[in-house]
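In the two assemblies presented below, chain A is common to both, partnered first by chain B and then by chain C.
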Partner chain A sequence: MRRVAALVAVVLLVTGCGSLPETHHRPGTGHEVATGAPAAGAPHAEITISGGKVTPPSGWLEVKRGQTVTLTVTSDVADELHVHGFDIARELEPGKAAGISFEADMTGVFQVETHESKLVLIQLAVT
Partner chain B sequence: MTGVLAHGVGSRSDLPIPLFYAYAGAFAALVVSFLALGLLWADSRFSGDRAGRALPWRPPARAARVITALLALYTLGWLLLAPAEDNAAPYLIYVVFWVGLVPASLLFGPVWRLANPFRLLPDRPRRALPERLGYWPAAAGLTAFTWMELVSPEPAATATLLIFLLLYGTATAAGTLTYGHAWLDKGDPFEVYSTLVGHLSPLGRRADGTLVVRSPFNGLDAIAPAPGLVATVCVLLGSTGYDGFSGAPFWVDALQTGPLGRAGLGTVGLLTAIGGVALLYTACLWAAGLIGGTRGLTPRFAHSLVPIAIGYLVAHYFSLFVIEGQRAAILALGLASEVNADVVGAGTIAAVQVLAIVTGHVLGVVAAHDRSVRLLEPARAVAGQIPLFVLMVCYTIGGLTLLFAA
Partner chain C sequence: MPLIARRTLTLLGVVLALLLPAGAALAHEEREVKLPDGSGTVPVYRQGEPDLLVCKTDKSDFQRRIAKFPADLKQRNLALFARCQKEGVRHLQDAVDRVDKPGMNIAILPGLYLEEPGQPQPEGDCTKLKARQSSWGYQILSYEQQVQCPHNQNLVAILGKKDLQIEGTGAGPLDVVIDAQYRKLNAIRADMTDGVYFRNFTAQRTTFNSLYILATDGFVIDNMLTRWNDEYGFLTFASDHGLYTDCESYGNGDSGLYPGSASNINDGRGHEVPRYSIEIRRCKSHHNMVGYSGTAGDSVYVHDSEFWGNLAGATMDSAFPGHPGLPQNHARFENNKIYDNNATYYDYVKDGTCAKPPAERGYEKGVVCPQIGLPPGSGIITGGGNWNVFRNNWIWGHDNAAFNLLAVPAFIRGEQSWDKQFDTSHDNLYAGNHLGVSPAGEKRANGADVYWDGQGSGNCWEGVRVSSPGALPSCGASGPARVVAEPVKLVQMYLCNDYSIGDRRLPGGCWWFGSSGLARVEVQLALGGSLVLALMAVLLWRRRLRSRWALPLTLVGLAGLTLDVFGALDAYTVLPAAALALTGIWLLGSGLIMRGAFGWFGVVLGVLHLVDAFDKAVWMLPLLPIGPGWIRGLLTGVWVLCAVVAVAPRRTAKAAEVPA
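Showing the complex of A and B:
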């Protein structure tokens, strides 16, 4: 009987210390992703950098392997945009929207970053 | 330009594991814990340092140390002479050396002790190593290295690596010249890291230097408690845990918008992760001592966290090792080939991650069980183990949650 009570106590403690969150796995329940004018369901994000702040806040963009990702980035200062893993770089001119588009042909999580200000703009989760 | 990410080097991180994998792993860990509690032996079976079959062979230590000294000079040459673009040194340091020490030590035992170039210095202690110093220098050194890897603004920059190597080299040389090779046993962070991981290898080294083949359980049991050992293991576990959530969107956002700045908040996060792991350990061991009617348990269960820490390390670095390891070879040897990022698929990575965490948990539970029945009062040994299982299940489910959510 004492052992049973102990086991129950352990289970309670365990469930208490490890609840598994549901975000990231169900599109729409996770972090906000800017969706401007996506071309028929293609992953797309529009990001603005102003005064060292990223809008919308750095989140995840869910991408299926093989899809074409389109990113539109506007920065208030000159900088360089870099998509890790795919090794795509693009100059950012102050106040001018820069668009990049590429096929996501690798799986994993990849950061999209600015080189000078070292801001993570968004992370691409390619499944 | 090759990207710099949470792991010091590397341009990708792992996708979250599927929900099913997370639950399957958590379920397996729970079942094993309960079975161990009820069914495992009632008298201690492990004999630690005395166990194993002695091998009549002495590895050529001097040759190994000369070779690693040359490889270290080669890496230093990359840092000092080659341009930052496509420099092999960060890959050699973070991937081949730091991550590679884990599989090398798991297979061949305490390899860095064998190959540590600082052991080429004479073993002429001017003073005896103070007993209470123990593993504390290694804990500090490992914290510094993981801070550089996970928090510093430019982990792969030449300047960062040179500063670290200069500080590490000076401290280690000074320690060795003052305290002899005893300093390297417990004070050199990389030797301690490799030796702790190596305790899980079938190839072991007894305290008297004999090479033995032994069960990994006896290897773990042979880890002798010393001051700072708990801290060292908590640094390994906590820093790897921090690595797990440092890529989570909420944390990335907090790092770049928070008032402390990236390095400031990152430092707080890393130290909190290490402190949290240590606090949980201390609290559970205190409870186990209270229930089991034994005092002074805290330093004597640190060995059971070693496999859990190794499970975390394998789960977090497996894909980095197989993918960025290729880049290390390509850059260092000037090969013409390209990195094949598809060498392991997302499914394989997830399976390896969950298996590593759950295996580490099982080994930790068995190691803690054997130590419990030896140290706790027999009538209270089962009840006294409950806080230990709670501790391990928390680490395991925490580890799976990190893989799932971050």
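Showing the complex of A and C:
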């Protein structure tokens, strides 16, 4: 049995070469903190609703005041899209992409929702 | 334990220890902290008028935010806003700092709170704290240092306050947002805050955790949302009497819910326990690396919750040092919906997205940077846990397996005692689960029901159809008690664990990160072994086997070896066992034909193959300290060496007489 154990040891050593279990022992990505507010990117988002779920999950879009926001939303069921604060509404037809474009002329955080399914699709953070 | 087995274990332990890299670090590194004494209680929500109010000053912005509220809620918020303009504060931290006695209520009115006073980087003495630098790039501060410099790591610091309630007054959690903008490790840190109650607001965008509750006896997380963190949405640690209820979390590089080092109150008990230290109910955790994780997630009761869209649904483990309460034990998962956890977030590591600074990765658009390597497409993964109960859960639509059970030796968690090296993966109970079907009756099978590495005792399953190994111990019957995992599974585990997001290292050969077909290590091992054995089979047939059964036996052997490669491609079929059986018949038969020492060696090896096939497909044999696969594999190596000698061309007398 000792010999068997020794052989087990050898095999483990061989199989372990180049595959040390570092996953649990090394830090992951850097956690360097930001020193300023996240930069506003292109004020555009593409959102899909399927089976009552939003993809990507309800997001956050940084927008500079005065920029034109464009949203493209595709739903698998009929619904109504509503941009709070700006009070913009758009009918959603099943499977058809609906586009909304408007100038963000107010600051604040505004939710984009569907009225029937009560889903929050994204929040617009206008600064 | 028999002496022989102990010696075997000792050697195995030595070898495994050699594989441990020096300088082990943690997944979540914190000051040394003890579990609470358990004298607290779960706090109860207080409905009275708030003692302190937090709001912004822009009335038109406020009115827009509450415009769609129900009438009574709108009126209440208008009244609170008027009061807040007179006596309230503009930042949550200011309100926390005014708390001067236990039992106070803070109300946060609808708005976006960037907590500007807490944003700046440390200055003055706070840059010179004498504290160890963790391998994660930040200091491990003592409680006193947190008090001295509350914003070194935290946007909002709640330190030592008792029975504090903080509530958003909006219609839902999205109406009040505490946004760290990736400027701090934690959006809110509640440290030694017995009785703290958080309700109805959102915390987001940190380089570690949105809501961090530490060393607290008595807390509630009620109708809260956390999202977009490098690590965790909700992190509770070294705490007792906790309740997560109706919460949601998504977009986290580790897990949405992390009740790590929950008080270890049931250590030494069986499956029946008097209470749980933390209860999680009606929560939703999705689009994270994992929905739930808990290193030393002891005595956590998770029920009526949903985990979907993650890389894996839930994990609990004993794989990290420094967590009080290891090894993990006594989690109870009941009546949860766990589905479609098949995310492909390792792609963001491959394409360099996760190498950017946290603020630039695009978490808000669905990017997740998985911090550790996991088998994607898994429902619940238990990596070194004992006495866990998984009952009446609905688990469906996973590409891999509904349940994974893997052992973790104690040295991985930093404990070197020999007696502890094999103390995980025992007494886990899986019963009454609905696998491959949703509560609505939608049938979407999991790739398999169970993947078990084979290590541990007292584990049992009910209602399983597709698994690896094919035969699992059922509940109520005695099962195997093995001290080491199956060899190929162990090799695969060690290879796959070489993942490093920091180094963008995704081990080639591991299917977790996209390797398929011949690129997978287990297929390569099977192919290599089969080629060697096939060569021996043909040479033996040509040179040593003198029987009318020689050709049929050799063909059976070749068929078995071929099946072995296909079996490695899909371990959840009967192919691996069939391959072993056919190979065993060839070895047994050819050994009987050849006789002699080598022939009898082949007979023994053939029987071992048949026993291994039986063990894998029909019934896992009890009493064996290691699986038949270990003995079979090792003896096969020796047999190949003998076979090389046996089939080597022999110098004939005639050849010897030829003059030089």
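Here is the rule we go by: the second predicted complex is superposed on the first by the 85 of 127 C-alpha atoms of A that agree within 3 Å, B and C clash if a C-alpha of one lies under 4 Å from a C-alpha of the other, contacts with A are read in each partner's own complex, and residues count from 1 in each chain.
The rule is simple: a contact is a pair of C-beta atoms (placed from the backbone, for glycine too) under 8 Å apart; a residue touches a chain by one contact, two chains touch by 3 or more.
All of these numbers come straight from a predicted model, not from anything done at the bench.
Q: Just chain B (first), just chain C (second), both, or neither: which does A:A45 touch?
A: A:A45 contacts chain C only, not chain B.
Q: If we overlay the two complexes on their shared chain A, which of chain B and chain C does A:L61 touch? Say first, second, both or neither.
A: In the superposition, A:L61 touches chain C alone.
Q: Between chain B and chain C, whom does A:L119 touch in the aligned arrangement: first, second, both, or neither?
A: first
Q: Touching A:A89, do we find chain B (first), chain C (second), both, or neither?
A: Touch partner of A:A89: chain B, not chain C.
Q: So which positions on chain A get touched by both chain B and chain C?
A: 2, 6-7, 9, 11, 13, 18-21, 23-25, 30-31, 53, 57-60, 84-85, 106-111, 120, 123, 125
Q: Please name which positions on chain A make contact with chain B in the complex.
A: 2-3, 6-7, 9-11, 13-14, 17-21, 23-25, 30-31, 52-54, 57-60, 82, 84-85, 87, 89, 106-111, 113, 118-120, 123, 125-127
Q: Please output the residues of chain B touching chain A within their complex, sorted ascending.
A: Residues 1-3, 5, 11-16, 19, 22-23, 26, 30, 33-34, 37-38, 153, 247, 249-250, 252-253, 256-257, 262, 319, 341-342, 345-346, 382-383, 386, 389-390, 393-394, 397-398, 400-401, 404-405 of chain B touch chain A in their complex.
Q: What part of chain C is in contact with chain A in the complex they form?
A: 4, 7-8, 10-12, 14-16, 18-21, 23-25, 27, 61, 64-65, 67-68, 112, 114, 121, 134-138, 174, 177, 181-185, 204-205, 207-208, 227-228, 230, 250-251, 253, 286-287, 308-309, 319-320, 354-355, 357-360, 364-366, 369, 371-373, 412, 484, 487, 490-491, 493-503, 507, 626, 630-631, 633-634, 637
Q: Can you list the residues on chain A that touch chain C in the complex?
A: Going through chain A, the ones touching chain C are 1-2, 4-9, 11-13, 15-16, 18-35, 37-39, 45, 53, 55-61, 84-85, 106-111, 120, 123, 125.
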